[in-house]
Amino acid sequence: PTPSLERLSKRARLLPSSPIELETSSSSRILSFPPSHALSSWSAPPRTLLLVQKPDDSRVRSTMESVLSHLTTRYPHLRLIVEPHTARDHPEFHDLTVVEKEDRALLGLHTELILTLGGDGTVLHVSNLFGQGECPPVLCFSMGSLGFLLPFHIDSLAEALHTTLTGPVPVLNRMRLACTPVSASGEVLDRCSDMIVGDAGWQVMNEVTLHRGGQRPLVVVDAYFDGQHLTEAVADGLLLSTPTGSTAYSLAAGGPISHPETDAFLLTPIAPRSLSFRTVILPGRGVVKLQVSDRSRAPAELLVDGREICMLHSGESVIIAKSPFPIPCIERSEGGNSWVRDINSLLQFNVGFRNKSLAPGGSGD
Amino acid sequence: PTPSLERLSKRARLLPSSPIELETSSSSRILSFPPSHALSSWSAPPRTLLLVQKPDDSRVRSTMESVLSHLTTRYPHLRLIVEPHTARDHPEFHDLTVVEKEDRALLGLHTELILTLGGDGTVLHVSNLFGQGECPPVLCFSMGSLGFLLPFHIDSLAEALHTTLTGPVPVLNRMRLACTPVSASGEVLDRCSDMIVGDAGWQVMNEVTLHRGGQRPLVVVDAYFDGQHLTEAVADGLLLSTPTGSTAYSLAAGGPISHPETDAFLLTPIAPRSLSFRTVILPGRGVVKLQVSDRSRAPAELLVDGREICMLHSGESVIIAKSPFPIPCIERSEGGNSWVRDINSLLQFNVGFRNKSLAPGGSGD
Amino acid sequence: PTPSLERLSKRARLLPSSPIELETSSSSRILSFPPSHALSSWSAPPRTLLLVQKPDDSRVRSTMESVLSHLTTRYPHLRLIVEPHTARDHPEFHDLTVVEKEDRALLGLHTELILTLGGDGTVLHVSNLFGQGECPPVLCFSMGSLGFLLPFHIDSLAEALHTTLTGPVPVLNRMRLACTPVSASGEVLDRCSDMIVGDAGWQVMNEVTLHRGGQRPLVVVDAYFDGQHLTEAVADGLLLSTPTGSTAYSLAAGGPISHPETDAFLLTPIAPRSLSFRTVILPGRGVVKLQVSDRSRAPAELLVDGREICMLHSGESVIIAKSPFPIPCIERSEGGNSWVRDINSLLQFNVGFRNKSLAPGGSGD
Amino acid sequence: PTPSLERLSKRARLLPSSPIELETSSSSRILSFPPSHALSSWSAPPRTLLLVQKPDDSRVRSTMESVLSHLTTRYPHLRLIVEPHTARDHPEFHDLTVVEKEDRALLGLHTELILTLGGDGTVLHVSNLFGQGECPPVLCFSMGSLGFLLPFHIDSLAEALHTTLTGPVPVLNRMRLACTPVSASGEVLDRCSDMIVGDAGWQVMNEVTLHRGGQRPLVVVDAYFDGQHLTEAVADGLLLSTPTGSTAYSLAAGGPISHPETDAFLLTPIAPRSLSFRTVILPGRGVVKLQVSDRSRAPAELLVDGREICMLHSGESVIIAKSPFPIPCIERSEGGNSWVRDINSLLQFNVGFRNKSLAPGGSGD
């Protein structure tokens, strides 16, 4: 079911209601990045919806049934696209368009809106599904547990869906990283078979990691920023995180917490053999290269968003820049920034000592 | 009311039930330290009890009234010693022995047991009262709030008191630091007027701190261990903490958490001008010297347990060793070590992320 | 010597050679921020030069004499402006325009270019001199020692000056913070006498700090971002830093290292009474409020770039946003970004263990 | 060549010159630990010497040849024991006693002194060779590079050897951990085939680690101290380190630096999923249990001193206590504690900022 060009040009999009702000990259390429946060409206009413459901979870499955009932009843004109496991879970719904694994590349052409049901991992899966290009807006529902990427509770389904389909809605464009593994001579590594690297590289939501994995010898990685050698890391691993990823593996490795709208990368080592390594914050306009050093005694495992991609050998590297394809996350209209709520409730950021004394020098009473 | 020598020799003491373990210091002096944790019994029934009450707190005041009633009724033979503010708070009790501030030095001769009512600060006050020598056993009651130094809830007063007065009871000897400020030529600084430094120095329960205070220029302090230069700290301050103090100012400055029985000091800087400073753990058998450097542009404030003592100028230092006079804290007989409970409940040590995912690489679901 | 309006309109400026990139603030005010890094050219040949010299330093003084000789000989048309101490140091130069302290407000009208000689502190002094508005471009020379704000060695005076006066030159616009102390009801605090707060607030290069100073009780500060309560800090202090300031006090307090072009603030506590406080990275487009809590037992000292401004009492706060007036720092044309060099050479960032083993698990050979 | 019992009873030993200090363990077992640092003398002149040489290193090999020449010439009565690779490297020496891998268990009976040549790893290898019981004194030579376990430079061979063989010499007894993997029901796991666990467990010099290794899901480990649940770690790994090991993997994971004589364990997580985990210092008298949680989705890899031992599954654990068999390291008689020198020269502990300013608030000049 390949769409006609005409159809494509008419694909509904959520566009910022106010004029677009343009940033000019410092390099010769000129890329346009969408604003990180903007009230957005549909260019036309959306007609296709991709449903992404956490697999192997009976609670999610039965809730998805209610979602499907609601959608088919209230929005019969919407074409519903699902993954095979969702189709199998709900055989009573006959009009679902099933996208097989080998047809995923077509998803980008057909999908105007995405609805997810599950945890933060479900949103990472969406990022992965749209790992090679533009991602449609995502409306994320939780089953009740909190999550950084889950602004809506499933109980608010009807209202949130209505607001989203009619617009305008606030959209948070979460930065992704575009990463490309290259050989010592700078050619794209096609060896990384699981990952079809296109022109734009692979799009990553949380972090790109080089890690020694089960391999025993330490990783030795040279980090470059805009072509300049920044440092050599001798460590269990080294990762470059988006602001969104700052609350994932980067945090465990000791990194700071970043607001999701910050236009920056965070470079953080995992168990570095140095007393003086700290997270380095780099401006989002630049290009980072992480190269396995010639001093490294073993290859390093390349992981994106926690998934193993391939091994990089001495001289090989991964090139990382801000992706032109962020994840447009639909936010709640009221109630303030959910990130502030999340770092407090999820991470228990800065919980005080329960007997925290306001007395001098730590000597309580 | 100076006691006769005979009386003194008969002062009741809580002594370890098992044979005493002796440690021989590496230096030529030979000191005997009590075991850090031991079941202890009275050499004779205690006849004097010092009551220490948090001042200016109406809840504590009215509870102390019940304590006094209980004591005078149930243990009429006990001589009750109090500070002036406690006597003023409870004029209806006529038989209290009041120790004026200028007579504090006599407390050590008369006191066989101490009962405190208030927060952790009350115990620090006890350490201060017995800041120049041996401290009798302390039985600490909280008003309900948790505290590292508060094993007993006031509701268990009758039972805890009975067990303690009859024994045996578990006693945790909390290490104190003996510290002495000295001139560049090594003489004891008598300028530090608020602090009468005797032969044993001043006894400190949490930490000894050199800090720039309101003084703007940074502190430059040379730290020595057993006479050997360890490092030069350029920082807001530098502190040496006991294991007990590891959960006070030392923790705020970034130091680790130590079990109270560890025989060690923790040397931790406050906002050091170095990427590579970490807490240093030193064996309790040694001697630490913190000396204000000749490079320091301003004197440093010397604080013990959060109280300002005096300013130290370039070349002056504070000498710190393990005190032969720990604080014998009476512990609960059952329920395991309260420190484990406290670091979890008070500090909220290692509270997990609420959505903590067990999935790979920080990618939740 | 007040300039005519005509003269003013013709004041020479360094302007980006490429078209200006505009950012639209999220608030209703629309501000235009200059690009963080751009090759810039003069709108007209500069005719005035402010010389800023580190005071009370004989080496700097004699070097400044050479600088003055070079300037008067090679660029006789340049009007040289100096501070009183520089005029006193160099009585043999008669044509210097001296700006008395009370006339500093005029500096902005007259100065087209600034040349500094001394350490990083000299550049902070420039920021202070132009603390209430726009700052002209600054060409910074060191006497040989390294500094984050010192791209040029004095030995390259002739060449660097020539390149700068003719242009184009690379300019790094270092973000400043605009900060305003306000009362509980939101009115500007005019009590802070040393600091004339104008419409734009006070411009700060490194960091804004609330600190308990010599005041003993801990600071309790509520931090807000875009009006939303972020956290309550119980600490020795709390600071908000620019990327430039990330290598100053913020680093000592444990914060990460930021590239100077990152468009972000760093919120970092000093000795927080919490195990779970980390630096928070906030996008530069937002507004931060640090408010002394009603729970605070004492006022907090407000410091900007390390200078005490005034005490803030419970309910009072300081409002901080990105300043529209960065410090335009002239950079070297070749040799890569000096920040990368500086974090390695000045901070000794990530120096490895000298015997750093690449063997498994920290077990070297 | 099994020694007669008579011979064994006469095995030469280095014994503390001063009376032995005894510690009584809190458990019912009564163990005697040697003093951590003491001047020691031989009970009889040593007659056997085990030579341990770093393999596959041509510089070490040729230096070992000189060592062998020196020994056979100067100390012809000494029986020299070597590993097979050393015998192969030096066929010209015919009188070497070669200990095959399967005879290692006999080493403890025959060896009176050990000489190592190589890096820190060589000493870890010695610990491994004597991994099931007592270890004879070790005299460690470096080839020039620094190392925490290498007090002597090979150039001082003749003198150091002479002093050591005649005594008295200072001996630092480096704590080892005795660790035993046990099943959920508390039985010793004999599945861990590479590691013959005897009554005393396996002796470990640096650290015991549970790590997810190449296994992707996070490790979930419950840590117990003296039978009491301390915390649940969700992390890449969790390690318990000796003071000696505090400068190895523990340091990379963010732990503090401990003096080698401290009688304590350090519990440190690797990349924990918690903002509020800190290293915990535990007294050396206690028992630590690290148990793979039932919540763990995958087994954890057990490593001792960086070597993989086996996988532990949910419910299985490793029990760790202070070993009664430390590594007696012969120290230099002069020049102070080498640990102080090493943390400064090897780790570059607390290297200051090169432009470290003593000015207020991090604002240098």
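Letters are used for the chains, namely A, B, C and D, taken in the order the chains are written, and counting of residues starts over at 1 for each.
Following the convention adopted for this analysis, a residue touches a chain if its C-beta (ideal position, glycine included) is under 8 Å from a C-beta of that chain, and two chains touch if they have at least 3 such contacts.
These numbers were taken from a predicted model, which means no experiment stands behind them.
Undergrad: Which chain has its C-alpha centre farthest away from the C-alpha centre of subunit C?
TA: D
Undergrad: Please work out which of B-C and C-D is bridged by more C-beta pairs in contact, and write that pair.
TA: Pair with more contacting C-beta pairs, B-C versus C-D: C-D.
Undergrad: Subunit B to subunit C: how many Å between their CA centres?
TA: Centres of subunit B and subunit C (C-alpha means) sit 44 Å apart.
Undergrad: So how far apart, in whole Å, are subunit A and subunit C when each is placed at the average of its C-alpha atoms?
TA: Between these chains, centre-to-centre, one finds 35 Å.
Undergrad: Could you please state the distance in Å, as a whole number, between where the Cα atoms of subunit C are centred and where those of subunit D are centred?
TA: Distance between chain centres: 50 Å.
Undergrad: Which positions in subunit A are in touch with at least two other chains?
TA: 216, 249, 251-252, 272-278, 306, 347-349, 351, 353, 357, 359-362
Undergrad: Which positions of subunit D touch subunit C when the two form their complex?
TA: Subunit D reaches subunit C through residues 54, 118-122, 124, 145-148, 206-207, 209, 245, 248-252, 274-278, 303, 305-307, 345-348, 351, 353-355, 357, 359-365.
Undergrad: Mind pulling up the subunit C residues that touch subunit A in the complex?
TA: Checking each residue of subunit C against subunit A gives 18, 21-24, 26, 36-37, 216-218, 220, 225-234, 243, 246, 251, 255-259, 261-264, 266, 269, 272-283, 285-286, 295-297, 336-337, 340, 343-344, 347-353, 356-362.
Undergrad: For subunit B, which residues are in contact with subunit C within the complex?
TA: Touch residues, subunit B against subunit C: 213-216, 235-236, 249, 251-254, 270-273, 275-276, 301, 306, 308, 347-349, 351.
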